[in-house]
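Two complexes, one shared chain (chain A), two partners (chain B, chain C).
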Partner chain A sequence: MLTETMYQDYLACLIKGDRTRCAETVTSLLDRRVEIKTLYLELFQKSLYDVGLMWEANKISVAREHLATAITESLLSLIYPELFAKEEKTRSVVISCAVNEFHQVGGKIVADFCEIHGWDAYFLGANTPMEQLLGFIDEVRPDLIGLSLSVYFNLPRLKKEIRAIQSNFSRTDLMVGGQAFALGGEKMLSSVANINYVPGLDELEGILAHG
Partner chain B sequence: MDSSAFVRYLTDHAPILFLTLGRDGSIFRMNRYAARFLGGESAFRYFQDILVNFNDSFDMAEAVDSEDALLLSIASTDGDLQSFYFHFLTQDDCPGTDVLAFGHTDAEDFSLMQGEIVNLNQQLSNMTRDLQKKNAKLEMAMEQVRQLQGIIPICMHCHKIRNDQEIWEQLEAYLYEHTDAQLSHGICPDCMEKYYTED
Partner chain C sequence: MKERLLTSAQNLDKVSEAAGKEFSSRAGEMAAQCSRVIADRPDLEQLIGDRKNLDMAVDNNRNFARFMDAMFSDFNADVLVETVIWVFRTYRAHGFNTTYWAANLNIWADTLESELSPETFQAVSPYYKWLIVNIPLFVKLTDLPAEPGDGEAGHAH
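What follows is the complex of A and B.
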């Protein structure tokens, strides 16, 4: 139901900053009962990856990249009435961005994806201070914790954060993911025990199904 | 591209306002960017008219004498307001004693705004998410409250309750299913007397 033409049209509007037209596409797909998962995978995630590639190739400015991200975040709220099902959820997950990590949309998409799969997903947002994160985990006592990292240079801070979480909540499963790892950050993880690296939403589905 | 072509390109495309004025502020010429922003040379006769000048304090003669840049706000043809730092340069060596007015935006302003807008958008979208999540939980709780309202058919002898599927179930089972209450066994004084008092 989400055709290539529709996708290309959506992407063009996203880069142009035409939020209204993008919202119309999302609303129309929701009206046609397109699976929410499809919207996350084939519209939001795909377009953000494409926008990122265009920026890397100097085809668009950083301002346009930020605009496209901001529009996408606002479009996610169109999905929320469908996403947060009115049913008891027995498993919970806390998703957060690392300290000094200001790119949050990837983490938010992961949190929403967890909701789709029946998890109660709390999202703490960009640049969450470590004390705040540890305090929240202590309060909620989730079954799973996820940390998102987009910028490679923040890896040392993430490592520190992982150690703090593991020493305070040794029995809680921990996963990490984000674009930083696609650029070589995965090597860092080899020095950290008991951590799941999740390269994408497809792999996340596997973890959520068995979690 | 030679240097004069480069200057022409710059004045046409860079986000700067470049106007040639008379000493009284009358507009003679403007660069392409200014024309796009202001709607063309014929749109205004005087520089003073393009300003959003709330207290009418702008004085052309003072502006020309000032060595500092003046921050002035202008409304575009679309009605958008934008502030520019203006430098006024007299061209004493040119005929007609023209004044060059050169206006540029504050790049720091834009950078600051871009960062803040991204921040605010993130916070707003996180709040929307929290709100929707809480709303879903609230609706779920309301549904439970609704289930416990109204008339509940109860057997006058064994006190079993008839549920939505027309099945009679134990009161304890019904409460367990429809509320968050935990039941703890005990014996009331009447039953204590009835079942445990020796005759």
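What follows is the complex of A and C.
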């Protein structure tokens, strides 16, 4: 139900900054009961990747790219009625971006996706200081912790964070994902034991179903 | 071409923990120094295409330092090659001339030699030499249209 024409129209509005028209597209798809995962993957994620490619090709400015990201973040809230319509949630997950990681939209989508699958999700946002993250985990004692990394050069900090989490909460499952691993950098995680690398929402779905 | 780059990158010697730590502790400062040197060059506009690209050049040095820091702590030839391809493709699209990399990497080589201990310089300099020697290959690769998998390293600006 999400046609190429609709997608291209949405993308054009996103770049133009036409938040209202973008919201109308999302609302209309929700009304037509399009699967939520389709919205995340084929509308939000795909359009953000395309916007990134347009910046890379010098077709749009950084300002427009940031505008598109901000609009997308605001559009995610249109799905919230679906998120909170779920029955009582018995499992919880803490999702955080690594230290010094300022790209948060991917982590936010993951947190929302966890909610849709019946998990109570705490999303801590960008650049969460490690001590604060450890303190929060200690407070809420989640069943699962997810760390998001968008930029590869933050990997040393992520690994430090993983070690700290594992030494303090050795029995809590830990998953890691993000665009930083798009070029195979996930091999680096193999030196750290007991981590689920999650390349996308399909794999996340599997973890959430069995978690 | 990419296979050649991957094979030669895989032959680079691992950087010791001590050298990696020294590099890491000086990386930010060295990036700032390299940016000051390139900004003062009389041919700056020829190198970066337009003076308004200077912020991007400064960003590049900052990110480059952090990226090499990550490489020295956990080397991955695939990530190195793919990321450099991404940088060449993206920066060229924004008007950077291919001569920028020779200029900038030579500034880095001089800065590393003057700022790091001889042992650390000896450990990390082969990576910069590898980048300098392979500039023509990266240029050729990014003369071609992007292939699936190219340029998905993600960016930070």
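In this section, the second predicted complex is superposed on the first by the 208 of 211 C-alpha atoms of A that agree within 3 Å, B and C clash if a C-alpha of one lies under 4 Å from a C-alpha of the other, contacts with A are read in each partner's own complex, and residues count from 1 in each chain.
Keep in mind that, in the parts below, contacts are C-beta pairs under 8 Å (C-beta built on N, C-alpha and C of every residue); 3 or more make two chains touch, one makes a residue touch a chain.
For clarity, every value in this text was computed on a predicted model and none was experimentally measured.
Using the contact criterion defined above for the overlaid structures, shared-chain residue A:56 touches chain C, although it does not reach chain B.
Of the two partner chains, chain C is the only one touched by A:156; chain B is not. Comparing which residues of chain A touch chain B with which touch chain C, the overlap comprises 102. Only residues 52-53, 55-58, 62, 102-103, 150-156, 159, 179-180, 182-185, 187-188, 191 of chain A touch chain C when the two sit together in their complex. Contact residues on chain B toward chain A in their complex (touch as defined above): 114, 117-118, 121-123, 125-126, 128-129, 132-133, 135-136, 139-140, 143.
Listing the residues of chain C that touch chain A in their complex gives 24, 63, 66-67, 69-70, 73-74, 76, 78-79, 82-83, 86, 89-90, 93-95, 149, 151-157. Those residues of chain A whose C-beta lies close enough to touch chain B in the complex are 63, 66, 69-70, 73-74, 76-77, 80-81, 83-88, 102, 104, 108, 111-112, 123, 125-126.
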